[in-house]
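Two complexes, one shared chain (chain A), two partners (chain B, chain C).
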Partner chain A sequence: MLEQKIINYILEELHGGQSDVEISPEDDLLGSGLVESMGMMRLIQFVEDDNGIKVAPQDMTIENFMTVAAMVAYIDRAKNNG
Partner chain B sequence: MIYLLPHTITESARRFPDREAFRFGNVSLTYRDVEKRMNQLAGVLHAQGIEKGDRIGIYLNRSIETAIAIFGILQAGGVYVPIDPKAPVARSQFLIEDCDIEILVSQPAQRKRISQIVKNKNNIRTVIGVSELEGVNTISWETVFFASTTFNLPFRILEKDLAYIIYTSGSTGQPKGIMHTHYSGLSYARLTAELYQITEKDRIGNHAPIHFDICTLGYFTSPLVGACTVIASDAATVFPASLGQLIAEENLTIWYSVPLALVQILQNGVLADRALPHLRWVLYAGEPFPPKYLRALMQQWSGTRFSNVYGPTETNACTYYNLPEIPATDDPIPIGQVWKNTDYLILDEAGNAVAPGETGELLICSATQMLGYWRNPALTEKSLHTVTANTGQTSEFYKTGDLVKEKDGILHFLGRKDFQVKVRGHRVELGAIEACLVAHDSVREAAVFTVKDVEERLKIVAAVILSTNSEDAVKKLRQFLKEKLPLYAVPEEIKIVEDFPRTSSGKIQRGALVAAL
Partner chain C sequence: MDFSWPAEYLAFKDKTIQFAQRELNEGTAERDENQSFPQSGWMKCADFGIQGLALPKACGGSLEEVDFLRALLAMEGLGYGCEDNGLPFALNAQMWTVQTPILHFGDEQQKKKYLLPMAKGNLIGSHALTEPAAGSDVFSMELKVDKVDDGYVLNGQKHLITLAPVCDVALVFANANPKLGRWGISAFLIDKGTPGFTTSAKKSKMGLRSVPIGDLLFEDCFIPEENLLGKVGMGFSILNHSLEYDRCCILASQLGAMERQLERVIDYAKKRQQFGQPIGNFQSVSNRIADMKLRLETSRLLLYKTAWLKKNGDNAMLEAALLKLQLSEAFITSSLDAIRNFGGRSYLTENGVEKDLRDAVGGVLYAGTSDIQRNIIAKLLGL
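So, the complex of A and B:
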């Protein structure tokens, strides 16, 4: 499932698999420090590659990428419109 | 009379009680609110037994609480020390020990990091802004906001007393604490308010975190005149499209940030088709603005004036250059002239004034100058140059370590005297990164330098000679550095090499090394 896939990417790639990190779909990723700015750029790259979409610069916003849930909603819209 | 930083809040609360003082997302505080809350926090701090000059750590990301924390601590007669929550715990621990910090002001989002910090051996006894944390006394913000809204300081604070300590990286690898007073902070507020004609009608966009002194425009100047400071969220600083929206939708009249944030907004194109009729000034500082981007931005925002602000943290800021026109060439933008209540010298290696138009080190004596380095009188003395007037009075000039040249009364910045560079607005000592790399078991020698990427942004690159090779050496080194250094100081690239080009005396030839890589 897409949600879990993104969470796994954050845990594995951005946190190096540290076991004490927990992420829920509604967590504010940047606000809580779960993801740093460079990590967010890698995460967006992953979302693009994994879903075959291209995130337009004007779509890279807090609303679309603040939480895992927001990303999933954005990806759904992007796929349907694409 | 305003002679302490919190007086700016009290005075603006009297003059403009219902005007917006600070805004973050959808949350906003009027001057009356800020006055109440700073008094509440000051009262809570006093109940914790703080005394004049006690250092209180602020462990917050960009948030509305930053304003309450800064003014609450100052109102209580304390000295605030911003600690970057994104920095490694080891660095936070260093600051906490170095400043004997016993109380932290924080927020629930930092809960996990705080619990790591309190597990370390240090004197943290109370954390404000979180609740129920093992091994430490906690006081939630809800509790703070139940406290009395009036507060009377039981001792006297003078304008020359310490207000805050900001840490920057030091050449030995240890961060150094730069001490500023109420006087230096208020001097900065008064100078900038006059220079940019800032009034209660202004809305100032604050992009910098509070451990970066660019933020003093939003946190000191704005309350002095009763303006509103709109604090950009950490998330907004990551997404240029959101940052652009903030400028437009909050009707900001003044924007102040490092150039990179503006370059990203420009490249994102989010504001390309939007008129910004309110935006009077764009101030930038921290590093040079690549002229090609500055030109494009000035063409786009044609009704806005641009100002290049310069100054090491030791002076807060000290020169400005208001661009008279869109730059026609790619020549670096001058740092301009020193502002009021500020004197300067340009000296050669021997400490003599250079001939007009010649290159030398810039020295500054300003009302916005630091008191010195925290608990480091030797370093303070080394950084200062004493001038004796014919009255017998002495003045201390701060040696910026920056090379400048003066032409027609305008100062031009030519580079650092030593290895210190600015990357994304943060001061980085390349020597400190090298020292850190060499500290790792597998590293024999390290050379760290900067290169410009395609966006003309400086990036840090490390070249390393290993003593023991392993497949994942680069990954391990990166992890090692991340634990020791702030994120912005971790090299973007680490290259493993067999040897360095060297001079006959064995010194690394940096120019040749950069060219070879």
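So, the complex of A and C:
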């Protein structure tokens, strides 16, 4: 559900609802150009607001934000760590 | 809603203005003419505590923790008091794009090695991002990084780097793994004297002439692992983290300069007599002054709002872009209005009026051009 929410945000907000864009949870968002650098900053802001977490600058890494699946795993860890 | 500042912040701003007016203005015209770096002014600023405003006490600052709004207001005061617009620009560049990244991403060894000497003025740091083929398209950087045992080898060039010719250390961004795109960008701290690392001579330029600008050159330059700032691939985060702090404070100093400029124009319009009366009585002159005041205050509101959002940890992407666009363009327009109001004498360098215009032009180019700011704003509006 969280995966789909993030994908929907990318499609609706960052791609303006263009119907020809497809995203899977394992797609490299920045590397593939699905999300450009400013879009990534907006996406991180969305993740923060939607999940009530704060992404530390040190956490803004490929391990945590390369794919939608990685983001979901990071959000789970952040929520569990309080 | 409360627009007031704490009394202590305002008192410190006043103290900063007095310091700048007393200690930093002698020889401003000569430094502009000769394009000479104000080394003694840099040290005086360190003694006063300017560089330390971006650092906690443990790293050379005066407060237990960095107070961003207090620092911002002080940098506005510095811009107002210091007639050399280049010095606050250079100080801000080091404070927010070198010191702040080291503070937030550096290890204890790096903090110890670089931050205290920077606070004391003994070490000058430059932030190196732009390349000959990577300006607005900054992530297309080509500086080559090869991973070797115990470190990295750099080959290539950084271009148009503020403070490059006088820097003791450069924070250099390069893509250590181009296959990862933006996630491959890493940040390296490279000391002066490192074999294979050289800096160009300073380049002559239009404005901010006391701040040396130049290139960084790398030829088989070995960088040990311990000089990596943060982890491999953290460059993207380091860049984004410091960008808005830097933007706010550089523009705060420009706001101070705009206020000084306005006061000077008002004073002149009251004293200068033509056709038997002060030129301020003529609406052609006074309307320009009213427009200058409007630009100053609209810029101020955007600056304070952006800084307040950053202080609260809120998203300020849109506000930062609006601020950068508004304030940098406003400074140019107001500098032209100042020139028109001063008349022919302002065209002479010796009167120090035209310098503001030359200095202001850089503002629509560095740290994201006005065109890029408009693109950001449009995107954030859903276009």
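In this section, the second predicted complex is superposed on the first by the 82 of 82 C-alpha atoms of A that agree within 3 Å, B and C clash if a C-alpha of one lies under 4 Å from a C-alpha of the other, contacts with A are read in each partner's own complex, and residues count from 1 in each chain.
As a convention for this text, contacts are C-beta pairs under 8 Å (C-beta built on N, C-alpha and C of every residue); 3 or more make two chains touch, one makes a residue touch a chain.
Model, not experiment: these values are computed from the prediction.
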Chain A as common anchor, with chain B and chain C clashing or fitting: clash
Touching partner for A:45 - first (chain B), second (chain C), both, neither: second
Partner chain(s) touched by A:11 [first = chain B, second = chain C, both, neither]: neither
Touching partner for A:72 - first (chain B), second (chain C), both, neither: neither
Which superposed partner A:53 touches (first chain B, second chain C, both, neither): neither
Which superposed partner A:2 touches (first chain B, second chain C, both, neither): neither
When the two complexes are fitted on chain A, the stretch of chain B hitting chain C, from 169-177, 241-249, 367-375 or 439-447: 241-249
Common ground on chain A, meaning residues reached by chain C in one complex and by chain B in the other: 16, 28, 30-31, 37-38, 40, 57-58, 60-62, 66
Touching residues on chain A, where the partner in the complex is chain B: 16, 28, 30-33, 36-38, 40, 57-63, 65-66
Chain A - residues contacting chain C, complex: 13, 16, 28, 30-31, 37-38, 40-42, 45, 54, 57-58, 60-62, 66
Chain C residues touching chain A - in the complex, by the definition given at the top: 104-105, 139, 179-183, 230-231, 233-234, 236-238, 240-241, 313, 315, 317, 376, 379-380, 382
Interface residues, chain B side, partner chain A - complex: 61, 85-86, 109-110, 113, 233-242, 245, 267-270, 479, 487
